[in-house]
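Several structures are given next for inspection.
There are two complexes below, and they share chain A, which is joined by chain B in the first and by chain C in the second.
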Partner chain A sequence: MELTASLSLVRSEIILSFSALALLLLAAWMDQAGRLISILAVAALGAAAAFTASSLGSGASASAFDGLMVNDAFGNFSKLLIYIAAAVSLTIAPRFLEKAGAMRAEYPVLIVLSCIGMGIMVSATDLISLYIGLELQSLSAYVLASFVRSDGRSAEAGLKYFVLGGLASGMLLFGASLVYGFAGSTSFAAIGLAMDKEVGLGLIFGIVFILSGLAFKISAAPFHMWTPDVYEGAPTPVTAFFASAPKVAAIALLMRIVLEAFGSQVLVWQQIIIAVALMSIIIGAVGAIGQQNLKRLMAYSSINNVGFILIGLATGTEQGIAAMLVYLTIYVAMTLGGFVCLMQLKDKDGTYREEFADIAGLSKTRPALAAAFAIFMFSLAGIPPLFGFWGKLVVFNAAVAAGLLPLAVIGIAASVIGAFYYLKVVKVMYFDDAADVIAESDDKVLVWTGGILAAANSPLGYFAIPVLGVWTAVAAKALF
Partner chain B sequence: MNAADMPVLSIMLAIPIVAAALCLFVRAELARPIALGATLANFILGVVLWISYDPAGAQWQFTESAQLFGPIGWKLGIDGISLTLIMLSVFLMPICIGASWNSIQKRVGEYMAAFLLMETLMIGVFAAQDLLLFYIFFEAGLIPMYLIIGIWGGQDRIYASYKFFLYTLLGSVVMLIAMLWMIQFAGTADIPTLLNTDFPVQAQTLLWLAFFASFAVKMPMWPVHTWLPDAHVQAPTAGSVILAGVLLKMGGYGFLRFSLPMFPEASANFIPLVFGLSMVAVVYTSLVALVQQDMKKLIAYSSVAHMAIVTVGLFTFNQQGIEGAIIVMLSHGLVSGALFLCVGVIYDRLHTREISRYGGISVNMPKYALLFMLFTMASVGLPGTSGFVGEFLSLAGAYKVSTWATLIATTGIILGAGYMLYLYRRIAFGPQVNADAAAMQDIDGREMWLLAPIAVVVLWMGVYPETFLAPIRRDVATIVERIERAAPAGDSKLMVVDPTTARFRVAHEPKKDVAEGSH
Partner chain C sequence: MIQLVSFYIFASIVIASAAMVIFARNPVHSVLWLIVAFFNAAGLMVLIGAEFIAMLLVIVYVGAVAVLFLFVVMMLDIDFAELRAGFVKNVPLGLLLAVVLAPELVLGIGAYQAGAVTLGTPEAGAATVSAAVPNIEAIGGLLYSKYVFMFETAGLILLVAMVGAIVLTHRKSHGTRGQSISSQVQRRPEDATRNVNQPVGQGIEL
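Showing the complex of A and B:
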């Protein structure tokens, strides 16, 4: 009885687990069926998304497996976002991987496995289940990074990611063991109770290590060094995936552990989050200025954006959490859009291009692509009326409401530095003379995905604000 | 005849957007008439707005309200001040399109789309009644203007476009934080409600500074004006017209709509700052204008000087000063726009803005010389032109507050006469030293159609300013009443009398006049 109830609460993970295994079997028989398996994997993600979406608006919360996991609005919202982002990363990939000779059936299977891990991450309420989810996600990600085996950069990216990710996991585990030792439990709720009274040095150390490990996973400064290298080296569709779904999962996990386990001692972690947020914003902005490679630029952009998202967490309020979820949603749309545009940068021989020099004067040769790219850049910079502005607005609004005025002022002033390099992309595409290296895109899937994401980032996105507001508010409530 | 029948403002916002989308997909020959048609349609709607606006009616007219976007309310509505500035925008837009008819040959569809988008955003700024909606319109203007300068600009266009974008963005983001704080405090983003919210005096100081950062850059005030000469010089002619004509007015509008009525105490405390910066600006930028070799740069610096008179007028806290400031804004919008068009006319012929490359062109271009003379005089502030009315009123208002500021600011008119007449002499008079300049054709029908309407309005505003003062009088009075409690004492010690009956006796019997005037 207890078990069946628990199993029904994790039904989306179960669907994905069975799908992953079935697809793996299928792949064993049909070696060259990468495309078919991709389609089936998208369908499985769609089914899982439908299950989570059905319980999205409700504030109901139920604990599974004796408090190891929870099925609540927060987890469901995050999962929905993760599944959608993963499905998009799957949809845009085939052409690219075929060109690289790597469209093997493992790609969709690994993404689905990673999604299971992420689903566990966002609904974990215990340090043990947290770690299981995190490792399932990470291990799939290491393989994905080096998926194009023949490409040295890809292999290097995978290795770097693996070594540094392993280090981060180690730090997280060390912190978790300290917290367990001093709080006497691995359950978030019990840790929360233990922290109610007083916080000793051991617990603080544990918290610092856990936050450091998670900062690695969300590529927040000062643990961001791996990001540009891995983003540049990994195959572009995989980079798009890294920049979206796992980031959502790790940030959601961070939110849950910080608020449910350490929530009673805001002052202990708030300063860490503030420092990490500001460092990420500034390093993400300044580091991007000199980049010549667009994928590295997007990597710094993601560091920068994580900083803004963390401002919401620094408030430690329900409003701040809702704001983070809004920002995350918009961020996923922006960053996926950016990568979809990058993937359309192919020259006449079909080679993928990713340097600034290649997109010079793009607006003359490929006006629609340039316009879409410009929309994503202005949106990432947070310039109204594009939808990215709304994300920044809600986050800063939460910071102002929580009385963190200096943080808000410094953060928003630093966003102007970021605007500089986003503008540079637009400048190169619109103001420079045409280099004319980019050929017409022959991939209709990319064109359509890019178009839909551009529309979502345009002012049309504002029509989503009411429904997004309700969902994120309900989700944020689940953490308090 | 109001919003209940037809959402005029929403239609005025929608027409350019739809036309802009169309322009992106058609070829150049079609994009031009579409853009002209859309801007003319908006101008006609603007005239309808002007005619049906009731100066004695409700403070906010043509109001619309819809909760489309969650916390951002689609709330529109105008008072007299917004009305005049919207009129200025829709009046200048068809002229801008006309000015670009031949001079823009590359990427015409995108160019027209950017201008039409700009028009929507300008109208939106003046019509928004929701603080966040205002901010969105206010900031969004950066994108099309960045593209206009960067794609169709001159030699150093990239530097100028970056400078324009980052300067104004940095100014504005801090204002956003202040706006969020205000919304938290008041519990609403509704501008009419916020206008009557009393913010704590201490908070006002910070809020005022945050808004000041944005509006001072936009205005632009010395010493954050340096983006303006670059942007003006590099922008295409129509870009300069819209920049000088309307975008700079957003700063003044912001002071008038937000800084003054929302933070009266802080505004009063910062009068020395505003007056100080304005005094420096008037003298300094006028002197800088005097030595310019580039026509557009000269007019750009003169804009900074004129805008300084606007800020002086706005912070006088009295009816005359504020009304004068608004008239200077309108007048400057027309006159500097027209001057940039005049520069554009000869630039199209000779492709240089170097003043010394011209000379004596009144011989071969008499019609042009006449119009150019009119706008030069209007810029100087000759009585009978729009410039005089505004400058006189705002300086008269300033006299009540600070005689020193008035004295210094008034030198701007003398210096203005200096640099403008010097410019005119070098271009239009003197010997015809440059053969190519002497061979230029006089203005054709299209150029006449661009300049003549502005000339008519400039004279109209100079001879019968009541047309333009009537719609704003009551709204300015509302603001003055609102900020009265913080009004500065003033150092000129003027006596208050009833101006209608006691006009000529003020100097002799100041004390008794009030009582006697009531007979």
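Showing the complex of A and C:
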């Protein structure tokens, strides 16, 4: 009875596990049916998302498997975001991978398996389930990064990601073992109780190592070095996936462990989070300036945005967490949109272009694409009235309310620096002489996805605020 | 008494074979000595009643890790004589490292003499195991009840590793002859063999 109750609480993971196994079997017989299996995988993600969404508005929370995992509003909100992001990166992929000769059936299967890991990550309330979920997600990601194995850059990205990811997992495990040793338990609740009394040096060492390992996974500075290389080398749909779903999962995991396990001693971790947030914002903004490759630019942009998101965590308040979730949602829409635009940059021979020089004067040859790209860039820069502005506003608002005024001021100053390179993209597209290398896009899926995401990032997105506000508030409450 | 004797036998063999790992000239011999060390360490684990760890040592370390080392050492064509040739050149660096490590050793001994660190107390609800239950049984009881979902997910991780290895390395090879099992099974003796009554002195017709 206990087991059935627990299993029903993790039903979205179970649905996805069975789908992944069934699709893998299907793939064994139908090797070339990558497209069909992609569609089935999107359907499986939709089913899991529907189950998750059904319990979204309620604040109920139930613990499964004797405290290993929890089914609450926070986990469900994050899962929904992850499934949607994964479904989008599945939808946009087939044409690109077919061109690269790598549209194999394993691509959707690996994405679904990665989603199982991410679902476990965001609902983990124990160091063991945390690690298992993280490893399932990371291992699939390493394979996905080098999926186009005929491309040397893709293979390099996979190897780099694998080696550095292994190092980060090692740091995380070392920290977890220290925390287990000094707190006497792997469960977040019990660690929280043990930390109520007194925090010794051993425990602090453990926390620092856990935070370092997780900072690597969310590509926050100073653990961001792998990001530009991996984002540049990995196939573009995979990069879009990396920049959205796994980032949501790792940030949600970081929020949960910091607040549920270490929540009673805010001062121990707050300065680490503040330092990491500031470094990410500044390195993300300054590092992007010299980039010529648009995918590298997006990588620095994601480092920069992770910094802004972490400001919400640094507050340690319910308002800050809700603001983070709002920002995270908007960030997923912005970054996916940016990559969808990047994937439409094909020249007449069908080769994908990703350099600054290629988009010169794009507004004259491809006005709609240039307009959509400009919307995403302005939104990422946080310029009103686009939706990206709202995310930055709520995060800074929470920081000011929590008394972190200097942090908010530095953040705003750095976002002005960051605006430089976003605006540079727009300037090159609108005011430079037309290079005329980009051909008309023949992929209707990309055009439509880009259009929908652009609409979501335009001022139309503000209509979502009432719903988003309620959901994020309920989700944030689940952590306190 | 017999425990004491076997402890000293196991312990001395562990130390001796560990020394041989370092001193053996041939790297293959080093790995073989490492396997001897693992086996005897497993014996020590049995003596303190940790039979599960003993089995892990034998199965995982000897069965998988050490054999993997052996393969790598044998496959890679490393000229160890050449590697050792740089010894004189690297002596200053080695001495420097030794100078750094020596104070750390002193510090470590100091910390050891200052007493053990205080670890956290296990949570109140933690599973307590009676000494009568063998520890394989205790681990199994926990692994297949509380951690059953994690256990299954670990299976999924292994599946990802397998799928990944195949995706990244498997190539459809052209020009090789594949095996067609059904046609092999369907083949009957009368299709393949022929009885010939061969007359003497004439050529054979094939």
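The rule we apply is simple: the second predicted complex is superposed on the first by the 480 of 480 C-alpha atoms of A that agree within 3 Å, B and C clash if a C-alpha of one lies under 4 Å from a C-alpha of the other, contacts with A are read in each partner's own complex, and residues count from 1 in each chain.
Note that a residue touches a chain if its C-beta (ideal position, glycine included) is under 8 Å from a C-beta of that chain, and two chains touch if they have at least 3 such contacts.
Just so it is clear, the model here is predicted, and its values are computed rather than measured.
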Contacts of A:Leu139 with chain B and chain C, given as first, second, both or neither: second
Most chain A residues touched (candidates chain B, chain C): C
Which superposed partner A:Val409 touches (first chain B, second chain C, both, neither): first
First, second, both or neither for A:Ala288, with chain B first and chain C second: neither
Partner chain(s) touched by A:Ala87 [first = chain B, second = chain C, both, neither]: neither
Chain B versus chain C as contact partner of A:Ile274, first or second or both or neither: neither
Which superposed partner A:Leu113 touches (first chain B, second chain C, both, neither): second
A:Ile321 touches, of chain B and chain C: first, second, both or neither? neither
Touching partner for A:Val400 - first (chain B), second (chain C), both, neither: first
Common ground on chain A, meaning residues reached by chain C in one complex and by chain B in the other: none
Residues on chain A engaged by chain B in the complex (per definition of touch): 363-364, 367, 378, 383-385, 389, 393, 396-397, 400-401, 405, 408-409, 412-413, 415-416, 419-420, 423, 426-427, 430-431, 462-463, 465-466, 468-469
Residue ranges of chain A touching chain C (in the complex, touch as defined): 3, 6-7, 10, 17, 20, 24, 64-66, 68-69, 104, 106, 109-110, 113, 116-117, 120, 128-129, 132-133, 135-136, 139-140, 142-143, 146-147, 149, 158, 181-185, 187, 190, 193-194, 200, 202-203
Chain C residues within the chain A interface of the complex: 117-123, 126, 146-150, 152-154, 156-157, 159-161, 163-164, 166-168
Residues of chain B touching chain A in the complex: 67-72, 107, 110, 132, 135-137, 139-140, 142-143, 146-147, 150-151, 157-158, 161-162, 165-166, 169-170, 173-174, 176-177, 180-181, 183-184
